[in-house]
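Next come two complexes built around subunit A: one with subunit B, the other with subunit C.
Take a look at the complex of A and B:
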């Protein structure tokens, strides 16, 4: 038997063919493995639940108590303006202690207290009438909205009463200054939330599969020992690792094309205001960066069970913190600095930039350069560790 | 039940936890990482939103108007845009989330008592913060408008400004925030996250420790030994529950020291309830181990079920008082809602045992029932 030729003697075309064959092998393996396909679905559904849970929902059925010391038509009128769906009355209380007890038990979230002489004070218009609001803010969103909406209701009622009183006093309706708020929403004029959320889902899906699948593929070869076979074959570590990345890029491009042309565009009408070619080009680059991260992480694990851990420890933080869930600017500085190293943070700008803002290469060159640099560093680091481990 | 055999299993389990570096790291590092990731990732306080102003008026009043946004902690001023083209570029480059457009004649119109319209252009790509931002902008506009109106009325009628203010708005609302005085989402989320994370990790630890023995085959020693099913399960449950309890203590320190959440209640009560809770979640892990054959399956089942239960049946997404009866009844099947009640009660509300003893009793009853169920379903004989 003739010993295999050392790799450096092989021609370029032969090396390329080897890479092509290996990529084909990776793709076939990926398609045949049910568990991995299920794994994508799993992370996708889990992520959907997390996304649903973090949604800041509007105020609904906030149960409020009333302590009305005035008992006039005016006070009753004010109470009657706290309406469903935001508010739901939970009864009257005679003592503040009773209200506190109900709030402690969580059977009500707000107490509205109307002082004695409320109606009279308003009509006199000399001193302001003050109503007290006690709000349970142990759920910050509910508490904030309950108090904000109450303030709005009270302000409107007060202004109406003031107008009536001024008119009764025979004041001529004079023109008064004021600032009117006019909004325009660019890039998404109807404020269609689905545009943002579906693009987010797509980018998340790309991220999850690009990190996990190459990692799982490499770990499985390590676990089953087939990696040894590859290493004794005339393939360099690069030729073993790069096809895994290449296969992932192919799968990602295919998946995103199906997602965009099959779901985002026809179902939700998500526009592509920039160049789709650029979008898919950067997606390929992003898949490369993520696959590099996945392979690097795979060199730290030995068993497939640990890939699940990998998911919790790398993919989850990347998805939660890169700017899809919470706005980056509200995070502490050290965390923002750490997130700079997440390729997703930069890919978000590219994705939204091209699809919704209609940005081109000129606006996005920074982000694209960072993704390329991160990808190169991650892949090289993974390759070096892989070589040292098994070379 | 033979205590010596239980202790023997528990002691062996404890040594395994200690020796397996990966498991040890997993057991203690995972909750901390999840806590940090989720707390920062789920808090959606809109703060420091970058914005620019396109000032067509360039007057004293328009600068005074801008100052109100500059001083707010909700906004982060990125500078004036020279013209419409620059404003557009700032938005396309995603360097600002909104641009305020002050119209020409802003000062003149307001001084002469005419209303003016200020346009806010939002970047609509991320729709989530827009509603909140819009509310902030409107409230600043409202406040400035009210001031200007009062000024005007005071001048035309010769009234004191305070008097004019009352004439225009005779109603004032005094709001007191109970439990979370600064209405910080983080203060409410950090304690809830203790519940959320433990709902995932605590069943996971117990489930993995049994399924691992199934995978390696070590469990056949148990099958053939004299130890009873309940003794074996209890020996598995106790050390893992201790690990989970230690995790709660670590997360408690993180929540209070790192995230600054206030703790108003009794620590002893919190600790007792936590012990009951980790027993419950440990028993859920035992249930998972009955279903799972591989560690990977155990991991998936525990994490998925943990997330689903913690999100839907704990009161985090729908507050218990707003739950429909069917949902409320389903939520009773899991210890998540009761523990969230305890956590929020002891952290923010400062409740005492008078209002929380029921939850503690619920945990003990729940753990006893769940354990009995596992012991009955656990088979020492594998099906052929």
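Take a look at the complex of A and C:
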């Protein structure tokens, strides 16, 4: 289909000028599309705050009820160990029915019931003392954390009381067998969850905009008929498609820089232990891969409204499965294999690796190579489909 | 208005105003539609036709003014609801009000149930309407598989199924092929006559004016003129003169200072001589052209469009002539700028273009005329290299379209349907973008940019976004973008849809200059039959096949010889007249507004004879007069001829 023209310098410089002008056109259109502009600005700024504010992986303010039938110092001691910020007492109840009613209505998530004789059973030490914990697990994460933390509190209290009993019986505490775990927290010493969540959301937003915007740009050209005007011009399909990718890379780099230097670093203190240059370099590569995916998706649609639906089918699974929402290791093997083809899965490693672990090219070369390869394949596939659609 | 006897008014509109977000759409329109007439609203896109019709149909609130429909004042939503059962409304857009997945019969049944039509009435009406529209054989076909003309007829049935007293049809004929359009008018006028119903119909086609009893010309939200076609003509009395000349440009230059509306058209020049009778006009033109090799070919009654343009101009000066391009492209050695040989294109099992062959020499304006779906756009897409043909071959600008798409692309310009510009870029940004796309150097680009701004009369709008320009300017910007690289061949796909008549004329003037001065070969598609006459040569496309390829004059001459010329009669009882004429060898007799029209091979004889014939049937003819053949007549004739020869498929073009 290409004209048999010798690739002399003049021809090349003309081709490059065409690409430059087309990229400028894309950027100009983007800036003038108010809806898309608001979307981009929101994604790279406000959304970071939203992400930092929504920590779901820790237990906060779990309201618990107490039904203490023992009413001894031991039972009060146990109750007093359920502390803020994880727990918040929601009062005592006299009857089980009342507790169930409050669990049903959602004004409490947990009931701790201490049976009569609790203290006596501990002191006798003949058989283990029991307490009952009723947990509302309709929110699985909260329920899981509430019961896990509670079990740990009960276990520790039990262990301490056991040691006291043994000490009273003459045992020397230091001689008792036991394992002490000494944690060294690396990369995120304060376990600040905001580091993880803001980086995740930045990578998510890069993903969404890199797929959505080039797709929207291409479909809009189809819809308004301008694509035909380009197709009858001497532009090659590559020269029509690639400027959309270039424009997206520019926007993504700019947005990421604003997000990192404007919010992540100053507000949340997210460090950059590795090379930021490398980080932005790989971000550009990642933007290219995603833009390829977006353009490929756009070749399957004719209307802007369809782009939205298609995005649900591509972006959602990528974000849900690539390792942000749930660890990869918890997925079945076939799904892990499929997810290997998601550029985000590899970009996550690069993003956390460079920013938090200070990794360099050597450690990340595999991931970077995969992103580049996926990008090349996706863009080429999009280009081929686009070219075939023309005839 | 003098002739006001006691006529009942079906619709009365007074001082109607309506704005959309501060943008006035209708600015004080008055309207009076008599019971039993077909009332026309004619105007370009954006004139306010749809707004007016929606307000009358009671589906749109308006800002100011009064509307009375069938004796009810529409002053509240409740009042609008009260009259809705008595009206039928067909909104704009081919088949948009119908359900694509439902069959013809299901669509009709649905609308009938919606309108609470009883079972026995429905059965009777459905059969009658299906038979009349010749859709009965397709009753089980899903609407989405119907042709444009069939969709429109189905839309009409669904609008009429509850036998409304008032029918409101918004651009029912736009984009419909001429044969279906003719059917549509025949059915509508017959039904309305039989049921004594009233209709308001809008159209963008000026040549449909003769279909109406009375009409309003609307432009920019205001009424320009109203009344029956004769009365509107009287507002700007004048004559139409057609001049044959080998030196068109000189003739135009001589005539322009003396006459306001002079337009080159095909190989002729056509002018509207305001205030002159045909004989006077002919003499005045001949005097003006003294010394030039030119003859007055025809001097007669002006078209309504000339009158409309004259009314719109309202003394405004003629638009400035376009500047000549700074350089003329090198002479071409190829004999034809465009040559198509047996071009064929299939989409799945559907053959969109069927062995189409034609050729266009440099400097010619070649028109491809056809309805929506006839294959015009597909032909253009194949020639411009967007779409590979299934079969056949062709060359464009001296290069084979199968092997040298790249070379062709650098030598052609293309204006696609609805002038697809970047609406979010400014005028200058659009021009610069296309200059760079076509690889112009910076110096060349700024030369051509300036040229295109002058050509399109776009000075003063350089920074405006393309999307904010009025249609006419947007269209000329699209043309400028397509010409920025000085192409040898220009393709225009329905470039004038929806543009007002003045804008259309200006556009055609530009095309004319390009073809004559720069020898650009121009291929233009259109569904405006009247516009087709501006082309040097015309090809008629019907269902993917070329049914004619000749000059407009030759095409008309052929119809005149085989079928005759139109004779129109003003009669007192049109339906009886139709029947009487059909029984006496004029089966094609048709209603045009209140009048009856036949094609006659001996117009002078028939104008004497027919009134006597009709008198025997008890019909009085008040007046019989000649009308001129339209391109629509030509198109219908050609398609019918093709159908009679068994479809003619495979006999080659």
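The criterion applied here is as follows: the second predicted complex is superposed on the first by the 242 of 391 C-alpha atoms of A that agree within 3 Å, B and C clash if a C-alpha of one lies under 4 Å from a C-alpha of the other, contacts with A are read in each partner's own complex, and residues count from 1 in each chain.
Everything below uses one rule, namely that a residue touches a chain if its C-beta (ideal position, glycine included) is under 8 Å from a C-beta of that chain, and two chains touch if they have at least 3 such contacts.
Because the structure is predicted, anything quoted here is derived from the model rather than measured.
By the touch criterion defined above, A:320 reaches subunit B but does not reach subunit C.
With both structures placed on the common chain, the touch criterion links A:18 to subunit C but leaves subunit B unconnected. Contacts of A:335 after superposition on the shared chain: subunit B is touched, whereas subunit C is not.
Judged by the touch definition given at the top, the superposed model places A:229 against subunit C, while subunit B stays out of reach.
Between subunit B and subunit C, the partner in contact with more residues of subunit A is B. Of the two partner chains placed by the overlay, only subunit C lies in contact with A:28; subunit B stays clear of it. Taken together, the two complexes place no residue of subunit A in contact with both subunit B and subunit C. On the side of subunit A, the complex with subunit B involves touching residues 35, 42, 45-46, 49-50, 52-54, 56-57, 60-63, 103-109, 121-122, 125-144, 147-148, 150-151, 154-155, 157-159, 161-162, 165-166, 174-189, 191-193, 195-196, 304-306, 308-309, 312-313, 316-317, 320-321, 325-327, 329-332, 335, 349, 352-353, 356-359, 363.
If you check the complex, the residues on subunit B that touch subunit A are 22, 26, 30, 33-34, 37-38, 40-50, 76, 91-94, 109-130, 132, 134-135, 137-138, 141-142, 144-145, 148-149, 152-153, 156, 163, 166-181, 183-185, 187-189, 294-296, 299-300, 303-304, 307-308, 311, 316-317, 319-322, 341, 344-345, 348-349, 351, 355.
Residues of subunit C touching subunit A in their complex: 381, 384-388, 404-407, 409-410, 412, 414, 416-418, 420-425, 429, 432-434, 436-439, 465, 481, 491. Note for the complex: subunit A touches subunit C at residues 1-5, 14, 17-18, 21-22, 25, 28-29, 32-33, 224-226, 228-235, 390-391.
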